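When the chains are written out, they are named A, B and C in that same order, and each has its own residue count from 1.
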Amino acid sequence: MSQPGLWETLRGIIWRDLLLAIRRRSDVAISVLFLVIVASLFPLGVGPEPAVLRTIAAGVLWVAALLACLLSLGRVFTADYLDGVLEQMLLIAQPLPVLVAGKVFAHWVVSGLPVVLLSPLLGLQFGLEGEALGMLVLSLLLGTPTLSMIGSIGAALVLGVRGSGLLVALLVLPLYVPVLIFGAGAVTSSMAGIGGEANLSLLGACLVLSVFFAPWATASALRIALE
Amino acid sequence: MNWSKYSAPLAFYPLAGRMIPWFGTVAALAIAVGLYIGLLVAPTDFQQGEAYRIIFVHVPAAWMSMFLYVVMAVWAAVGLGLNARLSFMMTQAIAPTGAMFTFLALLTGAMWGKPTWGAWWVWDARLTSELILLFQYAGVMLLRTSIDDQRRADRASGVCALVGVVNIPIIYFSVQWWNTLHQGASVSMTAAPKMATIMLTGMLLMTFGFWMYSLAVILSRARCVILERESLQLWSKPSSVPEVAGVR
Amino acid sequence: MLQTVSLSCRRGDRRLFSNVNVMVQPGTVLAVVGENGSGKTSFLRMLCNLLAPEEGAVLWHGVDIRRLKEQYCAQLTYIGHLNGIKDDLTATENLLLTAALTGDRPSDASVRDALEAVGLKHRIHHLPTRVLSQGQKRRVALARLWLSTHPLWLLDEPFTSLDQAATALVTERLRSHLQGGGLAVVVTHHEVALPSEMVQRLRLDG
């Protein structure tokens, strides 16, 4: 019997999820479209005043990105839970937290990365430019993986629970607060001319922390959910 | 005395029943004396007038809300690690009291804010963290009630509580960071820098009273949880019923 | 050798079974029978280490599976009552990807052979499994048995929604697995049509 390396298994998991996302492109499109719509609603509500839009841009775009990530959380484990692929994953002879990290990474590529790539366009809509625009993309690039990591804990906890969509929001949103503060803070402070580097390093620290700890919590939540 | 004996819910039940009146009495005394000191003995603050006296409730309530969350998380960790049913029952019993103190802290904070800052709600770092703490309590409790399977409900909400406890310091720090970034509303909630001894005494007495109150309430709630969950065992062992169900 | 020591299971307030002691030797299959709700699936999930027993332990060659963890996972092939296949992938992709994750590294040819062995014609190997019938999906799931190199098979109602021909094929595959020194635990309502010296029965009730 040949044991595949951890790396090989991890690649297999990521590849399968990416392949599935390619087969179901509409799922990806929905969360991206959601982001665009939410971001476009704000000017309609607040008014087209460029100065006002510029001041709220960082917060609005970050909150919209946060909601888009939240919306896509249901897709991380639910389908696998229902068709039995998840219980097969628990029986793979590799440490579960690492496999979970792979799965969350694939989920981020499908749902977080499009948000990052789309953000400059939305930033322009809100009159951001130059350094602030770059800071928006950078902060989202560092922040959205953290959102996926933390979100996976909530997604695993509510697997198969009635009303799970709203419940996961209640569980996860308080935990998103630091990421939101540092992310939006990076953009705001770069607009204020004090540079967003401090906020970016804090976002990086959040990312490192969540990559180390979230997969453990998610793995134990999955084991609990599948008992 | 063999303490491990009391880790079984049915042995814990009568023990808790004997302890509750004591904790209750001590709580009532401490809170009465604490309020007397706080409302009548402590001197009027020269800046804030009489309104500041609400901190004798506000600060102990805020302390308790955080302390109870940590205690809840510790019980959850014990429950997950040792697979002990009583630990999860304690987790379940603590959450509502913790949420109550969080709410009390927010309410008194708002009542204090109106005369002091002229607004019911200020995005003060501590108040904001306290609000998020309330959301976390709500999350833990709602997750438990949404899951039908008892064992899964226990363990899932335990994991949720543990994840939350890791996040509390991060959230607190980030909110403070956010507050310094947005200068303006950063009026600190701390009382006068040099707190008079009498004020400190009152505050500590109130905290002690709240603590004893929490013990009494949590233990009696734990007893309800035991009755609810262990009904099967209770009825299958008739000998234990009179002692357990007896009126005290 | 798989062994259970005074295994007990409680779901909610209900005690499903208690004090189950069985030993499965290489070359034999344990057929677990019992009424609906008697805890057959819970028993099998305990053998997989997916469900923690309330009391007792499962031993693999004398060692508690909770200590073996991933090492134990490397020994088993589990097919639950859910098929564990993705509707949007083709039968071939499903098998290739699943096998790659569980430690078998089959060639395309062996995947084709496995699917044909379980009675699926070549023209449906490359269709998304969502267009297949229940029985065909079950066959795709069971085709994993032809690729499995693991000594322990744990099967939950493998014959559900299979026709007679497919049942015979799977039984035959099970026989060759046992003859090769493998062991298996099968939860089933159907008779396992194997010689009686290969089959050990466990009835779970109350």
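Rule of thumb we're sticking to: contacts are C-beta pairs under 8 Å (C-beta built on N, C-alpha and C of every residue); 3 or more make two chains touch, one makes a residue touch a chain.
Note that the structure is a prediction, hence the values are computed from the model and not measured.
Novice: Most remote chain relative to chain B, going by C-alpha centroids?
Specialist: It is C.
Novice: In terms of Cα-based centroids, which chain occupies the most central position?
Specialist: A
Novice: As a quick test, compute the distance in whole Å between the mean CA positions of chain A and chain B.
Specialist: Between these chains, centre-to-centre, one finds 32 Å.
Novice: Let me have the rounded angstrom distance from the C-alpha centre of chain A over to the C-alpha centre of chain C, please.
Specialist: 36
Novice: So how far apart, in whole Å, are chain B and chain C when each is placed at the average of its C-alpha atoms?
Specialist: Result: the chain centres lie 48 Å from each other.
Novice: Quick check: what residues of chain C touch more than one other chain, meaning two or more?
Specialist: In chain C, the residues touching two or more other chains are 52.
Novice: Check each residue of chain A and list the ones that touch at least two other chains.
Specialist: Counting only residues that touch two or more other chains, chain A contributes 227.
Novice: Which chain B residues reach two or more other chains?
Specialist: Where chain B meets two or more other chains at a single residue, that happens at 151.
Novice: Name, in rising order, each residue of chain A that touches chain C in their complex.
Specialist: Interface residues on the chain A side: 1-4, 8-9, 12-13, 15-16, 19-20, 23-24, 82-85, 87-95, 223, 226-227.
Novice: Going by the contact rule set out above, which residues of chain A touch chain B in the complex?
Specialist: Checking each residue of chain A against chain B gives 153, 157-158, 161-164, 167, 170-171, 173-175, 177-178, 181-182, 185, 188-189, 202, 206, 209, 213, 217, 220-221, 224-225, 227.
Novice: Give the list of chain C residues in touch with chain A in this complex.
Specialist: Residue positions touching the partner: 45, 48, 50-52, 70-71, 73-74, 76, 78, 80-89, 93, 97-98, 100-105, 128, 149-150.
Novice: What residues of chain B sit close enough to touch chain A in their complex?
Specialist: 80, 132, 135-136, 138-139, 142-143, 146-147, 151-152, 155-156, 159-160, 162-164, 166-167, 170-171, 173-175, 177-178, 181
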